[in-house]
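Below is one structure, written out as structure tokens; comments come after it.
In this document, chain identifiers A, B, C, D, E and F correspond to the written order of the chains, with residue numbering beginning at 1 in each.
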């Protein structure tokens, strides 16, 4: 599994429970954090007297590393791009194709196609999607890499789902990793208002998951958009 | 699994491969055929000299029974409703809730929400959906029945998918039951133009299934709309 | 060509120019007016002292007959149904199928699928659409009728197009019949505010028609929704 | 303000804070409860030994009256219709038009156009909407009533918003009536799982309201769909 | 209020009445015109013999300044960018963020998200939207500027609304400033066909505004798309 | 007619029958192939031992020239751009505007707005669309060129139509050129799996065309998206 997060905390709010659960169950999970979110997602840190880009980055790096450790993530990679706006070049494309081919993921999770409040998330979606398609193509020649097979792709929930026309395609039961997720979220002191928000969301999605599955053991859940239909031998 | 088909052949064209496969793998599958499609889907039979509603019904019943046998279906039920238009009353609601509660299905497959060319399909969708929700509710008291748990619901492909705004949510590999499906379709001599059409569709959906899954063993497939997101412990 | 209008004036506001033009060019056009719009579209007439259903109907019938005459329509049929709400039964279905089969139309024009301000229009759309499909089906047996071939179907513009999610599929140049349309509209004294509205609309649609076709001879136009794609030997 | 609720508790979960606030600020609010939700929304009550339709209704009536009292509602009206499914006839249409004309509301709040899990809500939406349009029409003659002017219409949030394609059009700050809403919700012991759910939702919508308005005094909120655009002298 | 217009006349056609009204009522309105529309919206001017980019710009500047004067605008700013296509760089982003922060607007009006006939409008939408979000973020450090609070954002009507999937979210009564708008539009001699078009549109939107509000004092109106829901203490 | 194809084979799979038919009937058809699809659509060719960009290009060029010859195309132009990703600059814009103005086409066919599996197709759509609008504008001054009038624009079918939200707007009967199309497709040995796919698609679209037109002479067809409504003197 490969997770691509535009900013330092996105992967925790939206997929921390799923990541922790997969790791717990033996999956290899690599997380690429494109930017530290210094410009766009560190409002509280800039209120500190004498805050600088370096001081903010240092706090954000510490927070996200602490969160990653709680979730059990060993494969973190920071690209340290500027955010707000995040701008992708051909070099980033090549780097991402290399990363995807190195991981050979069954699953990629990244931002969904539209977040009404965050253009960086939209750019990141387009970037990861484009690179996943290039990664599968034998004609995209990059020395030392091996073409991938089509992987499954999923999108994070945006913050205001309805305004972003977000439609859940999959609910993942995170009851077993819920405590880890809550602990990981608590690392992000600069976005403290989001901790309660995403804690409640796990409860909300747990309610939804029980309701539409009839399975009452699901206590907490995360939801994701499906880029593609489900393909296989059974109807899930 | 419960399958509800508006007319005598719908379940074969759209889900014959999946039904046969589930049966082959040990599932119990019940199929309810609401009408014989005498008025709406028997154009060729009416060309026969002296055709009457009874003679058409007799041919259609023979065809669909033959097809069902090939697919391995033992639990067929014919409601013998009039079609074009198909009209549902409170009595039909109650009968369907009883049927759902008797089967206690994990999966219901019926028509998807919109078929641009067939109002009966749309009515059937609304009917089955409404009854599935009533079936789950403890307050809908019907003697001798037991409330169901929320089952998974899937929609058949309509004939002209794009004009019906149909979006596949699941592809089912039917390679192992493809021959059965083709043989079952051949029973419907009155709709011979559809046999080649749906034979090609299995090829088309197989191509799609391979392309978006990266799994090249899928040779033939059927697609279905998902009424609900996938819920569970994993990302499919 | 068959035109089905829910109320006494709908066909004039939305298709009067097209109807007059087709007639002028030799087409046979039959118009069915389902209701006189006594309850829903005669607000001004009810302000007259002593107004009764009969007096309102009499005024509306006079107006619509005068308008029809100006447009050159010879085949008018009034069903005199109650409106607000308009309610369709199996008998109406049968009557409409008979009407369609009698006309054997190449084109049917009626209300589009959604009018945010007029539930009667939506019911009429569903009714005509359902009957057009039944009319094509050989199994819908009605003595003395002959099954139709699939005709082309078009939808009137609703009053507030954007809120009704209306999308024009066809623009018809009505420059040659514009004067007739304006004169016909002037017959409806009870809805005088709509005369200027639909006069301007002909100008607006003329502007749109020129802009997207590059043809500057189009001065006035009407637009319609297409129920189906265009099929033929050329790209129009 | 007129509120129309399909079942006994819908108006509390979805609009209790707004209702209480309007009443507190001097508005007259009438609430019509169409059914007690005996069949569709009383699962827990049916678990009680010896439960009957009468005993369930009695509990639900007691609960909803207690909640209404907490919210300050004096004008409650119970129609005691059967639910699951709720079925509307011409008599209900007439009764609702009379009710609307008696209230002469500036605002009507009822169910939004689509709730993926509750067909009764959808039927109720269509019913109230149709009647609001009939109420405005001078030709819909009902002795002793006075035609209304076009009122503003708003839709309740459905339970699973994204799957119901719900889009908030208005957020109402309910900070001042939040405690009342929570107390009112606690009356519905048969749907205890929903109390926490809708308590959290007030927090969630408060977060959204702050984020998109920049106004940090909004602590708790409710959201509603707008049936129509905002019309007036200013951009809100 | 801040208005951002891709070309020299867009703000007049689509928002001239609203701007004049706000100014009349004491609001401070700043208008930024990104380009003179020399390449894309000056067809008639290029027909003049000997026309050059300079001569066309000179005419357009004169026209738009005259129109602005009639509307009462004192704060005009011309960026003199090239159009068809309009291309935005990081420098433009920074300049716009500075402009937004200087104005500290409650309201920004610019192009809506999709105009089927004008890619410049779409680019401008994305640009202004992105910059409004950056402007609100404390981490986007620009010396001498002060972070904004989330403002309300509205979109202009595109020329062909239905094809652009435009949905009005707000109607503004411009009866009191209608004459000013008409006079201002008359300044644009190079786009004379649009003067009648947008004059009629004010009439059309006035009709819509009356119909959906029940308020018959609205004679002329402009409509706008709402980027966000309405947030506040009341249902508008 | 002008056809713009992102890769070397796109125009054959999606429009080969229509192109051949138009040529047969005397139309002038120019085809611009932007890239040879070396990186994105030549997977099988890269499996050959020792394959290089040059060797792949050489095979692709040979194949597409052979196909063009079968279809009767005399005006081919290769831009030899890199694909996966295809990136457009101002120079490409100018070159395309020049090409459009040189051809003065009545019809442009290119990729439709969204192909879920091919970002190059989406970029190409945006590029051609933008240039078509620039081409019509008198202010886009390019020496030696003559402004075009608004032409009609159509979009190719994407590979997985439903996932790409593709909706056919036009079906073209290709019965008379079907054999040519099949022969032309057979030239692309590197994409052999697509030959059967698009052969079946001609059969599928033929079925659709017959069904929605009632014209049984249509045996094979191609479908296209309409960028604009149909404008003219008749309802097609």
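Points worth noting:
We adopt the following convention: a contact is a pair of C-beta atoms (placed from the backbone, for glycine too) under 8 Å apart; a residue touches a chain by one contact, two chains touch by 3 or more.
Bear in mind the structure is a predicted one, so any value in this text is a computation, not a measurement.
Within the contact network of the assembly, the step distance from subunit B to subunit D comes to 1.
Considering the contact criterion stated above, the chains in touch with subunit A and with subunit C alike are B, D, E, F. Residue contact pairs shared with C-F exceed half only for one pair among E-F, D-E or B-D, and that pair is D-E.
Averaging C-alpha coordinates per chain and comparing to subunit F, the farthest chain turns out to be D. Greatest Cα centroid separation from subunit C: this falls to A.
Subunit B and subunit E have Cα centroids separated by 53 Å.
If you average the Cα atoms of subunit C and of subunit D, the two centres end up 37 Å apart. Looking at subunit E, residues 117, 163, 168, 211-212, 228-229 sit in touch with two or more other chains. Contact between chains, as defined at the top, is found for A-B, A-D, A-E, A-F, B-C, B-D, B-F, C-D, C-E, C-F, D-E, E-F. Residues of subunit D touching subunit B in their complex: 37-43, 46-47, 53, 56, 84-85, 87, 117-119, 163. Of all the residues in subunit C, the ones that touch subunit E in their complex are 117, 159-163, 165-168, 193, 196-197, 200-201, 203-204, 207-208, 211-212. In the complex of the two chains, the subunit B residues touching subunit D come out as 90, 93, 126, 129-130, 133-134, 137-141, 228-229. The touching residues of subunit A, counted against subunit B in their complex, run 18, 21, 107, 109, 136, 148-152, 154, 168-173, 209, 211-215, 218, 221, 223-224, 226, 228-236.
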